[in-house]
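Next up, some structures in structure tokens.
You will see two complexes here that share subunit A, one where it goes with subunit B and one where it goes with subunit C.
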Partner chain A sequence: MTATVTPAPPRRASAPDTAPGALRAFVCHRGRLIGAGTVAALVLGSLLLGGGSWPASLAVDLSGPLDRTSDWIIDNRDGHPLFLHFLGHVSNAVVISVRAVYLVLLALGWAGVTAAAGLVAWRVAGVRPALTSVAAFAACGLLGMWVPTLQTLALMLVAVAASVLLGGLLGLAAGLSDRMNRILRPVLDTMQVLPAFAYLLPVVLVFGIGVPAAVLATVVYAAPPMARLTALGLRGADAGVMEAVASLGATGGQRLLTARLPLARKELLLGVNQSIMMALGMAVIASVIGAGGLGDRVYQALAAVDVGAALAAGVPIVLLAVVLDRVTTAAGERVGAAPAHRAGLRWAVALGVTAVVAVAGRLSGRLSWPDGWTADIAPPINGAVDWMTAHLYSGVPLVGGTADWAARFTAWVLDPLRGGLQWLPWWVVLLTVGALALLIGSWRTAATAVLAMAAIGVLGVWDPALDTLSQVMAAVAVTLVLGVALGVAAARSTRLGRVLRPVLDVFQTMPQFVYLIPVVALFGVGRAPAVAAAVVYALPAVVRITAQGVRAVDPAALESSRSLGATGRQQLFQVQLPLARPALLLAVNQGVVLVLAVVVIGGLVGGGALGYDAVLGLAQGDLATGLVAGAAIVCLGLTLDRVTQPTERRDLAGKGA
Partner chain B sequence: MPRTRLAALAAAVALTALTGCGAADMTSQSSPYADAKDSRTVTLSVQSWVGAQANVAVARYLLEHELGYRVDTVQIDEVPAWDALSQGRVDAILEDWGHPDQERRYIDEKGTITRGGDLGVTGHIGWFVPTYFAEKHPDVTEWKNLNKYADEFRTAESGGKGQLLDGSPSYVTNDKALVDNLDLDYQVVFAGSEAAQITQIEQFAKEEKPFLSYWYKPQWLFEKVPMTEVRLPAYEEGCDAEPEKVACAYPHTPLQKFLNARFADGGGDAAAFLKKFRWTTDMQNDVALMIAEEKLSPEEAAGRWVKGNEATWRAWLPS
Partner chain C sequence: MRTPHTPPHATAPPRNSASVFSVRDLWKVFGPQADRVPADKQLGALGATELRERTGCTAAVRDVSFDVRKGEVFVVMGLSGSGKSTLVRCLTRLIEPTSGTITIDGEDVLSMDTGRLRELRRHRAAMVFQHFGLLPHRTVLDNVAYGLEIQGVGRGERRERAAEFVTKVGLDGMEHRRPSQLSGGQQQRVGLARALAVDPEVLLFDEPFSALDPLIRRDMQEEVVRLHREEGRTMVFITHDLSEALKLGDRIALMCDGRIVQLGTPEEIVGAPADDYVRDFVRDVPREQVLTVRSVMRPALADEYEAGPALDPSATVHEAIEAVARTGANARIVEDGRCLGVVDHVGLLGVVAGIPATTGKAVA
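Entry: the complex of A and B
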């Protein structure tokens, strides 16, 4: 669960600011209309519908059919033709490919793999990424994680290749055909908010525990961004160029291969980059269903309550993510540049050096990372965590300990919020959702939001969903306060920005399982640590988007305000922040989506509600509980996304994608 | 564009043709990470708690060092582990706390799993309070007096009632029914994972705060945080038959081993060894403590135990 979405670069001048007077009047007018409509509906509703939670008569119990489905799969898994003749082959193909990649990596030996990583990075991205790659792989070895790293790498390579292929094909279809685009858009939108935990269960049920299930779950998770960005790139092709190519008499296939795809290279590479990040985000979650590798080490360390060991296995994941991100990003920036002098020769050199290093490694009999060259970082880390939790947990003079904060946060924020939401009559909730979505979006987004919210009621999980909603709202509020403050600070001070960047990188890619224990040690079991985990996860994206938005403010506007004698404060509040409004709105939306993505993780530290149900479903093999909770999280995600998604971004997506 | 649709169709047909001929049995698949050399491999399921890790660590050590097998381990929750065992993804579960539904389905009906005998360890689930608290208030160990102390066990999460801390969703629990049926002024708070529950208990213990928790024996945490069991109404055969009406304590369960049926017949020395593997609660605890408290790797811990207990494990080896 890394960066779920590619944030669209914040655009300058937002629509409302530059809208002509008539439009603006309509906007105000529309707001008033919605307000009046809401009040009328409130009065009518209270007279006709009364109060109370979602009525039981409107809920559907799915446990019967879901249990029967699950039983059918278990009974027919070993004999039904669908499994023998189709799914079995899929599963075998995955095992064979992962095994092939793993054997190649093993045969290269540690020196060969490290050299290959460095040289490939050098060829596609440059010298600095190459050095980073070599250092990262060496660090994985130093941490004593060489073999698990290779296992994870083999699984990742296969999963990413499959995701890029599948996502690319879907994106191609959506990019070329309007009908496909209309069909795929809502599916991809839904995938974006689907929590990974929710579909581990069906995948395991069909494929059983192990690598095939893990790879397929990863592909389901990592393919959508590729599809989305491919479609975006193909649809965004310059009309002038396409016209010119067509007038030269190129056939459809030629147009695609010589013009459309090359023009979309940047988006395609960004798609690959996003797929890789998503796939790595799944590495640890997939270990719950037997993926092995680094994720499994993190998961086992968690069981032994050993933060240090979890970190030792988590750091290689972060390193892999950072390296792959830097390399693919640098490669993306190079796209379009003239090919280097004698590129073929340099590739040959890279290949040759790799071969020589690999053979040398093999001859010297050091295929596996030498045991003596490892550093055990677990004890000092555990010491530091123990010290921190012992001294911060309670009894800190003046401010009180973290446990006291957590208790107060629960009593003063979470409890009233949950109580309030659950006290509201169900139709008022729907009405509020609809009105908010209308205010910020269009009729269509409002309809989606209301329907998704109603679906939660129909699924029969209204109360737990509102419990989750209250936690999400609290987490988003905290994330925004912290994130915007940090983002503004980072934008105004280059030095702080530079210090912050690697920290944010680490928090965004660090598997959440690693910080579950520290979070509980600081805040106790309950909803407060769940909120804390969500904040840690969502904060980097919010800081980044805010900083980017504030930085992108037109320098001329800033300059003129300065020449008018505005103080730093005035500049910030009256020029920078208002002009960065689109970026701030995007930050809200991203914050919501990301916080929701870790609701299930919250279930592991006492957050209860839907997150706990999703975990329970997986742990007990209970499709009825797990799938319903997962579906409800998706519906909640759709609702919140629509309620916070500004219209202009949708317009952009509508035109572009 | 009809051309693209045609191409997509062709691709789909090709894919089906490619994969569609011949049957592929998912149950006879091995892990892609299995050893490259042609060696005999055994796959064991490790559950998330440390006691189970101790069983697997010792079994693994002996299989590798004494019998020359290669051992893979897979970490899975209890119920999915049954599923994996039936499919042959794992060869054995060494510690099971009783899953009657799964036993009926896989052993009696499908015949894909066979029993592997007692592990030798007796498991017991119960409600526990820290011993430092029980010493000050001896009557807290009777369930009838629990309501008197509800205030002391209150937390931010328990909403004005006392908190009964429960753990991972994969564990067997009747606690909600127990609280209702015994009319206790308590709220069950689910920690969601054992790691979270242990961390919370350790934090409480550091400050000598009172708490009431669902917990189980044998467990290494008792060595670190001494806890005393609260006596619930005595367990009688069948008193926990209906989940909603349970009002009695948890039973003492002799923990069981289970083997994949195919492996049990054709697994040679490894299967014979795993069937004979049988130790005691104390032995398991020793190894578990080394893993969880001294932070030894499971392999080191197993190695240390094996060195000191040769008489015990010699008997497990097939003659």
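Entry: the complex of A and C
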């Protein structure tokens, strides 16, 4: 009985009370209205504006001012007070802490690091994750990637610490103050949908290429999930518990420390988990701006189309990702269980064993991974790839080869799509964007989408942006067809669901960068491999959201349809899919956001378009080009997110996060 | 508010005892510009729907006055939405009242500053909640000790005292479990122990047993009765369950739409419903188990002073029926060796049949 405590909201209550028919009529009416408006605008536009690409008169050339800014920063980096007293310190602090962590890891030696990883995993997560992490670190050494692994690990540890701290503080502010929440939430939401690549250029502009830029880009990328989940956890504290705590006379500080924060532990740990996974993904991508480590090896190898070397560096990345995810997830699941017997003692044992192993490693004089213990997998892999190139690329009877597929996909899907988009008059594109966003979301999302799309034109990168868009559309179409089919199948068949789950788990933890390796092996370079990588990357999320949505359909509704004698197909199309509509819309939205992130990175393997501009800008120090491309990527990300953003998305995302 | 029918024969607490909580003209209105509703007589008189349409406000507590006497169990009872939970939260300002006065031991609660209010919540009034409100990450022992912890009691001492109360509510051996490992009834015992551990002057119960199974609920009710008998602590008990109210309450305030429609002993509520709402409410109560013989006796005739079984005035009609049926004679009501009157089968059957007693009033 709490009805008396919550006053009925006066206005909102009346809307659902009115017959649902009225609501549906309104929606239909709205759809017709948007359609009519679009037709009218089309007629008017063709009369007044004509066709063609974005008009040059409406574009602004930013390369001059951007170049000047970039030059100014380079000239003043050593003299201006802003750099001397603030940014310089930030940069130094980052370099020193990464260096320090790296030296500590080196000093522990390979045995010490492996033992420490295993024992920490044992303490926070249990025996199985501990064994996994020992095996993973050993594998990193075996692959001859010990030093790059440590470099990546050091950079990541610093970045994760900073983003957990920063994100935690922001989340605390948003969790405790409604005003901060209103301000931060849209910012964090937007940051979450932007491709990782877009974060690289601004930090490079300020800090130049190097470790500080890489760490800061990683922090900026990895902090939002921590902040979001912290705020979510703090806001979601059980009201009954908070009231009981208040009724005992707890002060504000006591309420926060003894109740609100502990109650949010699950979300906080999930936030740390997400931060770590995002940081790993970014630390690898940031190799483009001088992060070094494993990502750099992959980057160099991909540039030389040396799949074997790329794989040798890619496997440790995947192993790190899996280990970090397993350990933090298992730690999160342990929350709430009774603490282990004599936890302090066990920690002491873990610490002692680590110390002993580290000292033993030191005394035996083997700090770095022994050279003799490595297996170079690059040559055999390259052999296999060569064999594939020779035998599978093309000319396989009946099915054709992978390169044939890629070529055909490019010629039959990507090219016409790109041609069509670029042929469309620019205002028709804007109109379509606006109408679609209006249909799915609200006038506000539509306005943002149209403005962001127009900004791309103003930036003067209309054509490359449409090129990127065509790749995104093709990839999203493939992803959705495959993803929804798989998701529905997984939801309807428990066995398939059980088989699929671990696969999805692994796929979802892998950093975006890694997906480029196998597609280059299979399809060579070009736009088709970029699309393929994007599909593989986005697929798990789409499958998962669809399966969850279909599975979450009210069993009573399903049962009643079955009792009326509905066939399986009728149940699917008339009950499950309609009721899972919010989840399906979310799947589309997520699919689009994830696909864009990888399509942009595809610029590294010949995807061209905006991603290539960004990479080129970084590689040649032509920051103006890069920044314009980066801004266009941000705008495209915003447009795509808003166009596919159903109004209920917030609630769903909140629950799913 | 209707004037409470002052009981001429209040049962448990001595009549002259001081009141712990004293509530006057209390209003709690939710919504925009809530202040104007209690201030405006016209608005205050509106029904719930009309008020919401006119002002967008909901009046959860309307012009309520009552006293909670020291040592009694004061039950506030009503259906969901009647404002009883809001009312009990107003007592310690977990919900800030809109207008009116509340005093505890003569001290004005509404004018207390934060520190004083905290003091009130820490030492003088502790609450037991319907959904327990336990901290899931703490053991039973640490949950019970929580109230002491926020008072700043040292770890050793608070654990010692908590252990004592864990035993008192019958949770021996479960000190190191987490709330999630306990049944609902056990969790509520933890909630009860947590409230008791701070040794409050008043215990506030907000529908504490509504979420429990019937059997466990009965156990817990008996636990409360036992605690009250042993310690004599003042209790304010919120419930929507009439039988629970009748079983535990020394006095019952029956609420409807934010108002107290009747305040009195269980016997008065059942025997003399103030209006149709209350009458409807108590219709199915086995009246013979609530009403005492005092309310149905008639003056004894000359030849009745000596004959028949003797009963105490506080005996229930149910007991009288048994006595009359066994002996076949009218029962005498005897207090301090003096015969106050008699009950006969006509009066007793009248109670069972629900026919208004014609005899009782004259005597009292």
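Side notes on the structure shown:
One rule holds in what follows: the second predicted complex is superposed on the first by the 519 of 657 C-alpha atoms of A that agree within 3 Å, B and C clash if a C-alpha of one lies under 4 Å from a C-alpha of the other, contacts with A are read in each partner's own complex, and residues count from 1 in each chain.
What we mean here is this: a contact is a pair of C-beta atoms (placed from the backbone, for glycine too) under 8 Å apart; a residue touches a chain by one contact, two chains touch by 3 or more.
Note that the structure is predicted; figures quoted are calculated from it, not measured.
Which of subunit B and subunit C touches more residues of subunit A: that partner is B. When the two complexes are overlaid on their common chain A, residue A:G240 makes contact with subunit C while staying clear of subunit B. In the overlay built on the shared chain, the residue A:D296 is in contact with subunit B alone; subunit C does not reach it. In the superposed model, A:L248 lies in contact with subunit C only, and not with subunit B. Contacts of A:V353 after superposition: neither subunit B nor subunit C is touched. In the superposition on chain A, A:G526 makes contact with subunit B only, while subunit C stays out of contact range. After overlaying the two complexes on the shared chain, residue contacts for A:F207 are found with subunit B alone; subunit C is out of touch.
Of the two partner chains, subunit C is the only one that A:L263 touches; subunit B does not reach it. In the superposed model, A:Q620 makes contact with subunit B only, not with subunit C.
Contacts from subunit B toward subunit A in the complex involve residues 1, 3-5, 8, 11, 16, 19-27, 29-33, 36, 46, 48-50, 53, 74-81, 83-84, 87, 89-90, 105, 110, 112, 155-157, 159, 165, 168-170, 189-200, 202-203, 206-207, 291-292, 295.
Subunit A contributes residues 1-5, 7-8, 10-11, 238, 240-241, 243-251, 254, 258-259, 262-263, 265, 335-338 to its touches with subunit C in the complex.
Residues 30-31, 52, 56-58, 60, 80-86, 89, 92, 94-95, 117-123, 126-127, 129-137, 139, 146-147, 149-151, 176-178, 180-181, 191, 194, 198, 207, 210, 240 of subunit C are the ones that touch subunit A when the two sit in their complex.
The residues of subunit A lying in touch with subunit B in their complex are 74-75, 77-78, 81, 83-93, 95-96, 98-99, 102-103, 106, 151, 154, 169, 172-173, 176-177, 204-205, 207-212, 252-253, 287-290, 292, 296, 299-300, 302-306, 308-309, 378-379, 382, 389-390, 393-394, 403, 406-408, 410-411, 415, 516-517, 520-521, 524-529, 602-608, 611-612, 615-616, 618-621.
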